[in-house]
Amino acid sequence: MLRIGVVGCGAIGREHINRITNRLAGGKVVAVSDLYVEGAHQVGDPLGATVYSNSADLVNDPDVDAIICTTPAFAHKETVIQALEAGKPIFCEKPLTTTAEDSLELAEIEMELGKKLIQVGFMRRFDESYTQVKDLLDSGEFGAPLYLRCSHWFPEVDDGFTTEMAVYDAAIHEIDVIHWLLNERYESAQVMFPRQTGKKNPELKDPQIMHIRCKSGVIATIEVFLNCQFGYDISCQIVCENGVIDLPKPPRPLLRRSGGQTIPLDENWKNHWMRAYDLEIQQWIDAVRAGELTGPNAWDGVIANVTADALLRAQQNEGQIEPIAVGPRPDFYK
Amino acid sequence: MLRIGVVGCGAIGREHINRITNRLAGGKVVAVSDLYVEGAHQVGDPLGATVYSNSADLVNDPDVDAIICTTPAFAHKETVIQALEAGKPIFCEKPLTTTAEDSLELAEIEMELGKKLIQVGFMRRFDESYTQVKDLLDSGEFGAPLYLRCSHWFPEVDDGFTTEMAVYDAAIHEIDVIHWLLNERYESAQVMFPRQTGKKNPELKDPQIMHIRCKSGVIATIEVFLNCQFGYDISCQIVCENGVIDLPKPPRPLLRRSGGQTIPLDENWKNHWMRAYDLEIQQWIDAVRAGELTGPNAWDGVIANVTADALLRAQQNEGQIEPIAVGPRPDFYK
Amino acid sequence: MLRIGVVGCGAIGREHINRITNRLAGGKVVAVSDLYVEGAHQVGDPLGATVYSNSADLVNDPDVDAIICTTPAFAHKETVIQALEAGKPIFCEKPLTTTAEDSLELAEIEMELGKKLIQVGFMRRFDESYTQVKDLLDSGEFGAPLYLRCSHWFPEVDDGFTTEMAVYDAAIHEIDVIHWLLNERYESAQVMFPRQTGKKNPELKDPQIMHIRCKSGVIATIEVFLNCQFGYDISCQIVCENGVIDLPKPPRPLLRRSGGQTIPLDENWKNHWMRAYDLEIQQWIDAVRAGELTGPNAWDGVIANVTADALLRAQQNEGQIEPIAVGPRPDFYK
Amino acid sequence: MLRIGVVGCGAIGREHINRITNRLAGGKVVAVSDLYVEGAHQVGDPLGATVYSNSADLVNDPDVDAIICTTPAFAHKETVIQALEAGKPIFCEKPLTTTAEDSLELAEIEMELGKKLIQVGFMRRFDESYTQVKDLLDSGEFGAPLYLRCSHWFPEVDDGFTTEMAVYDAAIHEIDVIHWLLNERYESAQVMFPRQTGKKNPELKDPQIMHIRCKSGVIATIEVFLNCQFGYDISCQIVCENGVIDLPKPPRPLLRRSGGQTIPLDENWKNHWMRAYDLEIQQWIDAVRAGELTGPNAWDGVIANVTADALLRAQQNEGQIEPIAVGPRPDFYK
């Protein structure tokens, strides 16, 4: 039984604690920490977990085998370094850090240690819709991918949602999953703003069309639409030499009523990815227990930061092609 | 240019006149008749057609090459006999007559004449959804058909719609199209009444499930639901030895809105079959001009009556198996 | 942590052991038994589980809190009685027993004990496709169900598969799930054999169409096709007063290739229900730990036997209506 | 009956002659011409049509009321001018001419004449899939269109097919239909070449991604893939403020066989648009007889040329934004 310490007892932290406790095998939450220590007690006491007010103490608790970090992004780096120094595996929610430099620094420390300890929380890789697509691509049956188009549509966002957040809170998932699907390296990014919806905060750019060009020439287009009104809707269509693959939608009943045949759409992202989160954490527990992490690693965290930063520059310079300057994947991370 | 006389200037008569005049090639309406002669004038005068108050005069007008009969069903027989006597081709709306005996009598007269002059208005055979299914079945690729299930669903019917009309005004179309699709002869009929909807006239049986067994053993199930509330919806699924064929739905846009992905359904039967009617009448005009009718003939009219009558008996005796006593198709009608 | 003993170490037993050990929370396999004791050792030794050669010893092991029984059906009764006598919860694979009398006997013993200890392995109730349909029906939005049609299609079966097995190894799942979906009691059963496929063992009847009539008049039709050739395919369409609900299919990518747009079908039942089995056993573990079973119970087992027996008689007497003689659900089982 | 002269007796000319003669109402081909006069005789003689070896004589034949021009594109201008001088309506296949200047010249001549005589053969506007989408957009229910994506995929093209032809023989249809659907004016064009398929002539660029920006900011993306291998496939998805509209596919049976559920795709463009051509020519005949053309006019021809030319420049300068310099639609053409 893997003894897990959870740093950060907010919404996502509580969800992971809940799934480890009630739905997954092989793990047990033995410690929790939060700066807001009362929140940590609310979560940890019913489990009999040790409660800490800071991550360092939790990480260094000898009863903690592995750490899950769900703090706000700016605080990830510190906790990850603590885990690396303690030689303990850490699952860190995305993004790994808030800058490419910081993520690269973590990757370098980890490489120096010579052991993969970091997994980054890109849950789509564990979603069974994506893994089916990945298997098909890897089978070679469809030939080389040529271009693809993803849409990432939310029914609506809060007023505080900014143009930049369309990169770090939405497209970041496509950024990770696309290079993983294609076994590709990115070369450059470009953003177009089409006609804007009236159903949004005036400062926000919405929708946005982002193009990422890969080293092989593949163009990946990501449509982010934050206030589409009708539901949470994720699409991915990959055009290959021998055929086209469309990511499946979640299974929902076909309903005949009121003049039409309707398949409902999810209302929000949480239900959509619930199962992928379960599979992600189960896989991490299994991998830690087996002694070798295989999920998205620190280098994937670096790629995400560098690519996201290029998209942020591309947002500032509509139409300009911004290089995505990330070196080849080190052997350590292959 | 085929010179056509139309007997009956009600709704369906006007529609055929309109399509011959405005959408189809090779035909011209030169005469019309209706007992309600004012109605006939309203329709015929703008076309410069000769207007008659009775079908005999129209049929015998030497300028009339061929007849379309759209009068109420009880009046079909008289007009068809007039046409046969005049040796002129006649397109008669379904049902050919109101009894199996009358239809058989017409078939016998026609056989004696030795020339096919009668086509019955079963338009589904010309619908491009059904013809695609027919082509697939005839290709042999799917092997022998084993059973099939059709649904014939209306959003709602008038209060005057009776339980019996579910046979003669709804299932009659499946009765014709199924034996045509399968190249089959019918053996017996059976009706089941499942739980009844509250959205109907209390005297009406709705929904109804009708089973027709073919000589080969194929069971064809027809679900008639007259007040389904949500739209006009036609389905046909044919289970064969090597696979299953589903009749296509009309092409409608997929709409994302209000929490779902919706494909609209038709509101009524008229729009649904508009194109099939055009193809049906065009094919009839072409066949008459080519000198040989190939559409549904008097024998198909007989089969429809005999089968419908068996279903009416089966409605009276829920669960009983009623024989469908129709002889083998005469060579003349093959 | 619930300490579980597994009786029967065949394929399904091993699968449950695997899911409890590697994918689910809150349970631990501490004992296993099998008449073939070497097989039990193969499975139990790596887990450090106690290995027994008979179910009585396992059931009475004080370290065993609850039992899972996956022996052949004829052996269920004995083990269930042992568990009842020991006062321990038991999850018994379907069917509960091989006769209605035996199942009823178990229900009566359990009622006498005054505590629900038996859960029967009808996993479809936990499948997320069915639970979505159940939620929609229970919402009342679609009004009363009127009739429904299920298809249960296998690509092919072994030569040893008999006509009767179409009831106890295929339709049994629809038998359970339909009355659960509709909150209904069954009244009678009827079987029709349509034209038979050539792709089968000559003794086998295939396909079969089974009709079950409910007390309310709802007719449920189950199409069992054991050698459909093209895949494992489960459908369920429920026609209600206000609309129609279609059970969703598993999420599979849409593929364009070779002249068509294709959604793959599963090759066999195992992959199709994998997730439902996980949810079923997790729910059982949770319910046992919470002290109250809520899944399919002994009365559902009785209903399944009685209904299946009626269908077996209906197979013998094609077209005859066979009563399904099962009393109203005792309060104890509500 | 409209007396029609057809200039050009190649494949498309013969098809139009066939549909006018055999499937449409109100028109009659009374004259044909072709430089290859034997070909004209083959086509015209069976119809009893007058046969000419040059378009001028046909246009000026007093028995010819209206002209259809299906010659190669470079020869359109001459025939259209002849028709304008004769004051006779002319249906000219797309493109109107081969250069923006020539098309503009024709528009100016027509405006001077003060009567619309020219219709250009953009048949998609008559396709019932597109007209349904147009009606939905015009209804206002979906709010403002924001961006859209069209794919125009062919199974394969001949070796002689060039990169430029992707504009004038493929995207030209999207160019016309998009501004018509949206009631928009175009502003600029841009082309991206993603990774290239190996299944093509080495000189050809395939696939190509074309972006057209509208005055309102709407971005229309056209994916042209000339050797997609799997079928002729046309998609159009329009993202609006209140929802998303997907162009329907042609109605094809759903087939279960060989491990999947498949909807066939068309093998080539001809079958796909057959019905749209019929509707296009019927509408033109009706409009000429009614005295007022309403289909795509000379100005639409100008827009197509100017936009196509911008795309050709954009192909030469990958990634560059090329202006689409076309003035506002003259009142005459509204």
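By letter and in written order, the chains are A, B, C and D; residue numbering begins at 1 in each of them.
Operating definition for what follows: a residue touches a chain if its C-beta (ideal position, glycine included) is under 8 Å from a C-beta of that chain, and two chains touch if they have at least 3 such contacts.
Per UniProt, the chains are A, B, C, D = Inositol 2-dehydrogenase/D-chiro-inositol 3-dehydrogenase.
As the structure is a computational prediction, the values presented were derived from the model and not from experiment.
**Student:** How short can a chain-to-chain path be from chain B to chain C, counted in steps between touching chains?
**Tutor:** Step count on the best path from chain B to chain C: 1.
**Student:** Using each chain's Cα centroid, which is most distant from the centroid of chain C?
**Tutor:** D
**Student:** Nearest whole angstrom, what separates the Cα centre of chain B from the Cα centre of chain D?
**Tutor:** So the centroids are 37 Å from each other.
**Student:** Counting in whole Å, what is the centre-to-centre distance of chain C and chain D, each centre being its mean C-alpha position?
**Tutor:** 58
**Student:** When the C-alpha atoms of chain A and chain D are each averaged to a single point, how far apart are the two points in Å?
**Tutor:** Result: the chain centres lie 45 Å from each other.
**Student:** What parts of chain C, by residue number, touch at least two of the other chains?
**Tutor:** 228-230, 242-244, 255-258
**Student:** Inside the complex, what are the residues of chain D that reach chain B?
**Tutor:** That would be residues 20-26, 128-129, 132-133, 136, 142, 242-258, 282, 286 of chain D.
**Student:** Mind listing the chain A positions that touch chain B in their complex?
**Tutor:** Result: residues 228-231, 233, 255-265, 267 of chain A touch chain B.
**Student:** Residues of chain D touching chain A in their complex?
**Tutor:** Listed in rising order, the residues of chain D that touch chain A are 143-147, 149, 192-199, 207, 209, 211, 214, 216-219, 221, 223, 225, 228-230, 239, 241-244, 319, 321.
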